[in-house]
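There are two complexes below, and they share chain A, which is joined by chain B in the first and by chain C in the second.
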Partner chain A sequence: MYVAVKGGERAIDNAHAWLAEERRGDSAVAELSVPQIREQLALAVNRVMAEGSLYDPDLAALAIKQSRGDLIEAIFLIRAYRTTLPRLGASLPVETEQMSCDRRVSATFKDAPGGQILGPTFDYTHRLLDFKLAADGEVPQAAQTTGREEQTPHIMSFLDREDLIQVEGEGADVPDDLTRAPMELPASRALRLQALTRGDEGFILGMAYSTQRGHARNHAFVAELRIGAVPVEMDIPELGFAIEIGEVTLTECETVNQFKGSKTEPPQFTRGYGLVFGMTERKAISMALVDRALRWAELGEDNVGAPAQDEEFVLYHCDNIQATGFLEHIKLPHYVDFQSELELIRKLRREATALQQVAE
Partner chain B sequence: MSDYNFAYLDEQTKRMIRRAILKGLAIPGYQVPFASREMPMPYGWGTGGVQVSAAVLTPDDTFKVIDQGADDTTNAVSIRRFFQKTADVAVTEATAEASVIQTRHRIPEEQMNAGQILVYQVPIPEPLRFLEPSEVETRKMHALEEYGLMHVKLYEDISQHGAIATAYAYPVKVEDRYVMDPSPIPKFDNPKLSMPAIQLFGAGREQRIYALPPFTKVVSLDFDDYPFEATKADHACDLCGSTESYLDELIVDDAGGRMFMCSDTDYCTSRRKAGHIGAQGVPYEEDAA
Partner chain C sequence: MDGSDPNAARKAWMSMLAKSPATLLAQLWGAFVPPQHSVLRAPEIGGVMVRGRAGAVGAAFNLGEMTVTRASIKLSDGTVGHGYVQGRDKAQALTAALIDAMMQTDVAPRVQAEILTPLGNAMDQMKSTRAAKAAATKVDFFTMVRGED
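After this line comes the complex of A and B, so read on.
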């Protein structure tokens, strides 16, 4: 006698209750607050905002808390929330020249108007575990200075004046949006950049690294990397003019790449571009390298068959929410398909064995 | 749940999905791109089916969800609960009582009728994908009705194995035009694809919807000398004794002993209620489990 297994509902309820308990951890240890995550795990918050495509540090911190620190899960929570938000309008394009820079470095010029600002970076820290931090995280106040009042011009604009850098074409008035329209290829550069800025940091980093190691090599200099807050303005129809509605912190990276010229383009420098929410410079630099690699057709370069040149490959596989969902779905029951494979394999084996016996 | 619109999606999004569904019904078997939304469940877990269900459900509908033919597999439970919560629709496990059935990997054993809608969850909508990885290329192949590659694959199967080595997601040709992936249903279910109910296929991650209107001509690909054959385990259900239904195989002891039972739990339960008892079955009792 056999009684069929049931109990999916009860299993789900129990699993969720257990998960909630595990998320809280040992209740003898103080609970983590959302502001603590927002302030002290800010780079995790930034990644969740960037790949979640929603600029809201508090919600990103909440998502990190809810997801037990699994950042892809946190990104997923933010994405699922984001799709439900009404679109009230669009801001004007942000002007990164107006950025109040916390960090600004150029690898191409020793100095330039606006200067180099190292800012709060891990660069040049020695990666030695700081055991003192385990006991006491309080820090003395860092030195203060006043920021620049005037705009900080882009380093690229100086190359532009000499006609040494390729002129970028005008984009569409309303850029493509892959969250509102199905992706169709070939994609516009705006759409590619949108996919890259939302894309998985690890994937984009791997793709960028592969170009450095020779798969569609195009040596990139970081002409400029800047991080800071920029004002966001929006046209308000009732007022008839634009007002500042807030500010967002962005990381912008412009690379300048050697270019010997092609059948269609004269020798000049070309550009890769990265722009990401928050302080996310690894991602922004990676994005710029991949952007440049994907521009081979527009610049008349050869397609050498490198993964980073393959728009379809990059755009279809960079989204970690799509990737993780599909990857993890193989945990779901596949009894029916597996059963049909079992039948088929048994049948093929039966026939093969019979043939063998006849041969013997 | 008043925070979200009926059936979760906003009306603009539903309208966009309904347009894709109508286009799909007008061109049976053609994969219509649609602006798939991020849903609160993972891609690959039925987001395409969920969006299609959300777009077709009305407050008067009765909804059934099956996964592997069963109503109480965890993901079926999860999706059913989602619509109970967001659309407050009546739910059922009885195939005949449902007006909309969302399914993963099976077609119900019981004949579906006019007025019913069967919504499939589709992981990879492109039947040519494993022969040609590029979407740009496969769309071209469909446009030109260039299906030679698929026939070569089936032919190579026969020359290598003596049979077509595809057991599920067995490709079909729709109305003599489009080659279509019927989603990963076992090929046992393929003959049922021509039916009185409307069939809608939703692939969320891949952003595609396609459809089969009632009584569409659907032919499983084969050769004259190697005709298509719908197969199942050569057993009867150990619970209800049916010899007609598709069976799951269970390992029941440490020695690897096997038993077989209907994958369609509603079909099996109905038969047991009607007094059919299989080799290891017991007379049906309410809440026996």
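After this line comes the complex of A and C, so read on.
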């Protein structure tokens, strides 16, 4: 018989108080401010915005502070906050061609118009710990030269002119939104891209890596990787026209993939696409590779049974909040479930012992 | 942009106010005595779903939301002003709505000169400094002397 149990309130209150104290750490050490996190742990902030699916650097920084740097916990806080916001509308699709590029590189064309802009990258650093950062060091000034004023064209448009790249199809005017309706399979590409851009960086990276190692290999080249600020425009009903309502920093990755042609498509290059909030380069490249792998059906490729081709597997397991919710719930009390398991095992054991005795 | 668009000027100042740094706007606004007005829509924080396009040119998809705060006011002469700003600053949204209304009245030249022009200059300066730093990281390829003569 199960008797409802109460109790634990005092223990919980005390646990929360201790959590607050541990979060603060040694009070002899200066406390971190939210702006410090926003400015100095910007890539963590970017990840929390991307996977929390809400662009607000101050909130993401606050979530990181509250979660003691546990980024999945911070993402959870942002997702929970997001659900409390009234939806004011949807933007027009952002025009990444208009991006003010902080960084823009192509692995396919050396002399791309607009050039190769390295930006504030970790690439080419030696990955040696810099002990100067442990001391209060002066920061060297970034060099400046005359900046680019005109738009930077997408590399893909050059291949498009030669008709060598697969054409991107039109989609629904109002794309499916997994925050509004449960995901149904087969998913539209719009739904897949939404799931991937907010998916767990580690999971998407692992999936992308699996395609490089040979599971549904699709020979990706990074045609272009660009990072920078893009204006966000929205139609304002009370005005009757669109205005810019803000500006977001995005990372965009376009891959070109070798493609020998299929039953339905001529030999050409095909494309994978990654677009992610913030400076989130690893995630955007990963997203493009996984997007391309998931497109096997529309391109008439064979399903070779690789995990990255399996829409159900990828889309239902890439969300770290769903995953951690289900995973972590098993540490919460399961006293009743376990009691019944215990009864069952005891019963089976009694029966087995009785049978053995009869046989003897 | 399109010179024939009758809303071009309003669109431009509203867009600039939406993207403005809150502290800078508050500073510039500080010198103004707000005109008589009533609040039509109290500042409201909400989310806007930002969309992208597959492959940058194809079908639209939902990228994620951003925080936006909006407010609307009416001046005593009946002029209505709307403010939309990125983020969650309610005061900034109200200020933007007031400026939007004032830009439709006789005080527009003063608002333009004392708020919008310096605001725009500061924002352009920030943008061009970033562009200048990016430009300094542009790779200049050069070909090594070839051995084959």
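Methods note: the second predicted complex is superposed on the first by the 352 of 360 C-alpha atoms of A that agree within 3 Å, B and C clash if a C-alpha of one lies under 4 Å from a C-alpha of the other, contacts with A are read in each partner's own complex, and residues count from 1 in each chain.
Keep this in mind: a residue touches a chain if its C-beta (ideal position, glycine included) is under 8 Å from a C-beta of that chain, and two chains touch if they have at least 3 such contacts.
Fair warning: this is a prediction, and the values are worked out from it, not measured in the lab.
When the two structures are aligned on the shared chain, A:Q98 is found in touch with neither chain B nor chain C. By the touch criterion defined above, A:I236 lies against chain C but remains apart from chain B after alignment on the C-alpha atoms of chain A. In the superposition on chain A, A:L275 contacts chain C only, with no contact to chain B.
In the superposed pair of complexes, A:Q151 makes contact with neither chain B nor chain C.
Of the two partner chains, chain B is the only one touched by A:P333; chain C is not.
In the superposition on chain A, A:E351 makes contact with chain B only, not with chain C.
By the touch criterion defined above, A:Q66 lies against neither chain B nor chain C after alignment on the C-alpha atoms of chain A. Partner contacting the larger number of chain A residues, of chain B and chain C: C.
Of the two partner chains placed around the shared chain by superposition, chain B is the only one that A:A181 touches, whereas chain C remains out of contact. In the superposed pair of complexes, A:F76 makes contact with chain B only, with no contact to chain C.
Applying the stated touch rule to the two superposed structures, the overlap between the chain B and chain C interfaces on chain A comprises residues 82, 86, 179.
For chain B in complex with chain A, the touching residues are 4, 10, 33-40, 42-45, 47, 67-69, 72-78, 104-106, 123, 134-136, 161-163, 165, 167-169, 184-188, 205, 207, 231-233, 238-239, 246-250, 252, 259, 261, 263, 265, 268, 280-282, 288-289.
Those residues of chain A that touch chain C in the complex are listed here as 49-50, 53-56, 58-59, 82, 85-94, 96-97, 100-103, 110-111, 115-120, 142-149, 154, 156, 168-179, 188-191, 193-194, 197-198, 228, 231-232, 234, 236, 238-248, 250, 252, 254, 271, 273, 275, 277. Note for the complex: chain A touches chain B at residues 1-9, 11-12, 76, 79-80, 82-84, 86, 179-186, 312, 316, 321-322, 324-329, 332-337, 339-344, 347-348, 351.
Touching chain A in their complex are the following residues of chain C: 7, 10-11, 14-15, 18-19, 44-68, 70, 72, 82, 84-88, 127-139, 141.
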